[in-house]
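After this come two complexes, each holding chain A, first together with chain B and then together with chain C.
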Partner chain A sequence: MSIDGLIAQYKEILEDSPLNYAAQWKANHPGSKVIGCYPIFTPVELIHAAGMLPVGIIGGGNRLEIAHADSRFQSFICSIVKSTLELGLTGKLHFLDGIVFHSICDPARNLASVFKRNFPQMMVEYIHFPQNMTSRFTEDYLTAEYERLKGAYERLAGKTLTDDDLQRSIRLYNEQRRLLRELYRVRRETPQNLSTAESYVLTRVGTLIPVEEHIEVLKEALAGLRDRDEKPKDRVKVILEGSFCEQPPLELIEGLEAAGCYILDDDFLIGWRWFVEDIPVEGDPIRNLARAYIDQSVYSGVKHDSREPKAKHLIDKVRETGASAVVILAAKFCEPALFDYALYRRALEKLEKEGIPHLSLEFEEKMWIFDKARTEVETFVESMLFD
Partner chain B sequence: MVFVAGVDMGAKSTKVVIMDDQKNMRGKSAVRTRPEFTAVAKEALGLALDQAGVQERELSYIATTGFGRYNVPFRDIQITEITCVGRGAVHLFPKTRCILDIGAQSTRAIRVLESGKVREFRTNDKCAAGAGGFIERAAKYLEVKIEEVGELSLRSDQPQTISSVCAVLAESEIINHVSNGQSVENILYGVHQSLASRALALLKRVGLEEEITFVGGVARQKGMVKALEETVKKKVNVSEEPQMVGALGAALLALKRLEKIRQNGREAPIKEEARVA
Partner chain C sequence: MAKAAEAVKTSYQGQMHLLQKEIMGRYFERLTRAAEQGEGKAAYMLISGNPVELVLAFDMIPVYPEINALQLAVKKVSLPFIQKAEEIGYSMDNCAYVKADIGMFYSGRKTPFATIPLPSLILCNYVGCNVYLQWFEHLAEYANGEIYNLDIPFSRDPSGKPSQDDVRYVVKQLEELIGVCERITGKKFDYARLQRIVALSAETGELWSQIKALTKQVPSPFDAYFDSVTMMAPLYCLRGTEEGLKFFQTALKELEEKVQMKSGPLPEERFRFVIEGPPPWPYLRVFRDLFAKWGAVAVASTYSTVGGLWEFGFRHDPNRPLESIAEHMLQWNLTNRNFLQRYEQIRRYVEEWSADALVIHSVKSCRLFSAGQGDMREYFTKELGISTLLVESDIEDPRYFSEAQMKNRIDAFFESLEHKKMVREAAPTGEGR
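Moving on, here comes the complex of A and B:
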């Protein structure tokens, strides 16, 4: 299939019925189990090794009407928390045997309990990620936490996980993440050949289908991209930060690009490409996974690491990509992203002095009208073009 | 002589400015925006060209702005209203660094550099309570013509507070004031004060600089200017035709762009969208 056809096919799935694939997979594999993964970080290897399908439950998109969840949450709670509950309350998560949450923010933490209460048939797991990365007990602690999770999935799947099972899964996900890193490299180096909306589609589809299939999709896409040779357009190169949990509508991403930006890097779906390098396969797989979170994972608004100031990472990212501006795109009411903006302020001011301005925008998963955001980005681009 | 045009297609009216290469305004026009965008833009352009005594084929560059900027197929480039208003206001008032633009559907606070380049800006939410459309609805309820609102509001002696942040709820407040026997003048000034306080919130977010310029159709209402000056506690600049500032800025940027293209010896618009249409 051509690269255009491949992307169009998955774009349609994402826009129409993203979760149908997993439901269909379950129907085609009697006795198998599906586990929902709420953003951001899930050690999907544990789920995969148990023969289950991990599926990203990343909100309800902008076509889901929120009718029930609004009565259960306050108005200042972000959209993704509400829409995820709405999916459950309207029976759209019927195919899930379990779902996993973790400590990213207060609403997400509480969503785990809300799910437990409302959906007793579902195995709701909650990972307590360490908040202190410098303690000598951190690795032991997270290893124990992952062992506990492994035990829970063993019971659900009715299968004991061997080191071989886990190592095979780690190897597969290493391959998937390596290909995703490659996809991002292609976009960063030749943004005219791969739009952000396209790379988003190719990444997001990986949260819905088995990793084995996603690896093939990515290989096909990367091969197809080698034939693309577009002329670079006169656009401003930016990096985008702040959309690590709730995801902006695809139309908004397209709108940002059409307003005159090449987005060289972003933090969309960061939990599905959360390691900067391969996780070691040899040795104790659970400990390797734990160590990878502590030492090899990407920086993010929801990972607390006093060794690695986030603002420094932001500056490094600007330097590495050669971006000429930063766009902060945070979800409305997203505390971690909006707090980050305050933490980034000093770094952004430093960049500003070097002639690298920034723009802060807010979005909501359930957005229909993109004019305002587009006008703001266009003005931002013009302020650089009409210098 | 080189001529350019700035076309500002706003939610309520479409304004055109014809300018020569010495930055003299040679012609201008304003017509009501209707759904037939191309025809409206042609009509407004024709009127302005007539006034300037310039033929359409003599135009070297056409820049469009406003919400309908993409709906003018004969444009060379489209530029946002924020960028245009910044340039236009600084052209008229060179010392201004802070601009408030209230149009029919949107309100924007803009901070600019000496060159007129936009430094920071904030726009109102997708809510009508902070823009001209709200005044229009209030005028309709009070059965006064929109052109009279500015003068009437100036005559207020006991302004009535409109506290709601929502246009629909504010309307019921207006109805309450009417049924309590309050004068039209006092209610209208209350409406202007309500808009001014919302504008202040936006202005504070971009930073209230020393010299403020007030532009957009709503700036034609004298009562609104008074309410704004009272709220920001200083005089604000208002040009003779504040609604034309966007089109003026578009024309200035058209000249700037034309100059750059000629320097580079090439004919290419900045953005690919302009070529597509």
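Moving on, here comes the complex of A and C:
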């Protein structure tokens, strides 16, 4: 298939109903089990090694009407918490055998409890990811936490996990993440050949299908990309940051690009591109996974690493990519992202003096705020291009 | 409508309130001396499941930005600080405790009650609240100070108990923290001293738990929300000291006398309620009066258990000081428990403290408390058939309090509760419930 066709095919699935696609997969594979993964991070290897399919439950998109969940979660709670509950309350998550949440923020944590009460047939797991990155004992703790989770999935799957099973899964996900890093490299170096909306589709589809298939999709896409040779347009090169949990509508991403940006890097779906390098395969696989979280995982608004200042990575990214502006795109009411912005802003104000400005925007899953965001970006881009 | 009372403004002002003012005054003077004369070293900490014992063992001064933030709100000076923080990049939608504190930090750390010292140690005891991590991460950058993230695994076992691995992890971190404190203060860790402090905490916990049991009486001798907050500051700032212990001895004695005299905080106790959620500090008085006018007394509150949950049996143990500090942080406080454990805690309160109703105060700032309280209401009304009122405002930001709306909601609720009560009392026994 041509690369255009490939992307169009998956885009349709995402726009249509991604969860139906996953539910259909389960229907076609009798006896299989599916575990929903709420953002941001999930040790998908543990689920995969148990022979189950990890599926990203990443909000309701911009077509879901919230009719029940808003009486459970208040107006000042982000969209994804409410839309995820709405999906559950309207029976759209029936195909899940389990769902896993983790310690990203207080609303998501309370949502895990609300799920437990409202959907007793589902195995609701909650991971506490450590936030002490300097202790000598953090690795032991997370190893134990992963062991606990492994036990839970063994019981659900009715199967004992061997080191071989786990190592095979780590190898596969290493390959998938390597290909994703490659995809992002192509976009960073030749943004005219791969739009952010396209790379988003290619990444997001990986949250719905088995990793083995996703690897093939990515290989095909990367091969197809080699044939693209577009002429760079006169656009502002930006780094986008802040959408690590709730995802903006695809149309908004397209809108940002159409307004005149090349987005060289972003933190969309960051939990599915979790590690900056391969996780070692040799040795105790559970311990390797734990160690990777502490030493090889991406930075994000929900990991607080006192080893270095929060904004350092963002600034490094700007420098490394040669971006000429930063766009902060945070979900409305997303506390971690909004707090991060205060620290980023301090650092970004220094960059501003070097002529690298930034723009801060908020989004919701629902579509109606688009125009405003697009106009703001257009004004921002114009001020940069015609200054 | 029955005797829906004229405004009742009485509230209980006993010796313990005076004593509280005095000892907290001394505490704040200590902060000012540390800030202005460099007397002593300050350790910033968070309220939830705080390990104050450890800090005291090194003679450090515990400074709680949350207490400072709430004092700003009570003294009605929080808004300019909140706005200051919003000017420098904080969002309308961020927790206003953080904003008030950071605004104050950027305004010279001067408040009407104390000058707040710079931290020698920024001890982020991450007990439940995820905002804590960012709050202290930011303070560490602004103050350019040393931070230790004391990571407390959240409750996730169906039993509600931490695993052995969790306890070990926390104890190991506490040992590391001891090393950090030794380096910062230049003092050698004294195990026997920590044991003595922990013993004082154990006694304090015992007294506090006895005090909390008194509100099972009819009438309740004090309001377990509005009067409990008076006792919470000494519980966090002075737990583990003789002075703190004396305060709780005085309080218990006084409150027991009130039980003897069958006297409560209001002229007449007509309704007993359990309240969930933090108070609206900027309008505490107004809020209290809205209940007082109905003769409604809070007999239990979840808010009074954020720093520690003693009424169900937990005591510190001087023979296992570090383990018991770890257990306090992991298991015996409200914030590190999951939402369903909170439902359970409230259910027990309603039953064992014989309450007529549940009031949920949903605050925008504190999502740890509020996120999902609509589900909680659903559970209590639909599953348990308990009359439940949900009202919204904020813990710190005065812009979110609408007195007229609040009054309407509370009046309508108690009117209907009164009606139900009348029907019940009129019905022959066993019916109408």
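Convention: the second predicted complex is superposed on the first by the 385 of 387 C-alpha atoms of A that agree within 3 Å, B and C clash if a C-alpha of one lies under 4 Å from a C-alpha of the other, contacts with A are read in each partner's own complex, and residues count from 1 in each chain.
Heads up, the rule we're going with is that a residue touches a chain if its C-beta (ideal position, glycine included) is under 8 Å from a C-beta of that chain, and two chains touch if they have at least 3 such contacts.
Predicted model only: the values in this text are computed from it and were never measured.
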Clash or fit, chain B versus chain C on superposed chain A: fit
Chain C versus chain B, contacts on chain A by residue: C
Touching partner for A:Gly260 - first (chain B), second (chain C), both, neither: first
Touching partner for A:Leu111 - first (chain B), second (chain C), both, neither: second
Chain B versus chain C as contact partner of A:Glu376, first or second or both or neither: first
Chain B versus chain C as contact partner of A:Lys332, first or second or both or neither: second
Partner chain in contact with A:Asp234 - chain B first, chain C second, else both or neither: first
Shortest CA-CA distance between chain B and chain C [superposed frame, angstrom]: 8
Set intersection of chain A contacts, chain C complex versus chain B complex: none
Chain A contact footprint on chain C (complex, rising order): 85, 88-91, 93-95, 98, 126, 128-131, 133-135, 137-138, 140-141, 147-151, 153-154, 156, 163, 165-166, 168-169, 172-173, 176, 338-340, 343, 362, 364, 367-368, 370-375, 378-379, 392
Complex contacts: residues of chain A adjacent to chain C: 70-74, 76-77, 81, 103-107, 109-114, 116-118, 125-128, 130-138, 140-141, 144-145, 148, 302, 304, 306, 309-310, 332-333, 335-336, 338-343, 345-346
Interface residues, chain A side, partner chain B - complex: 233-234, 258, 260, 369, 371-372, 375-376, 378-379, 382-383, 385-387
Chain A partner contacts - residues on chain B that touch it in the complex: 67, 79-83, 117-119, 121, 123, 126, 253, 256-257, 270-273
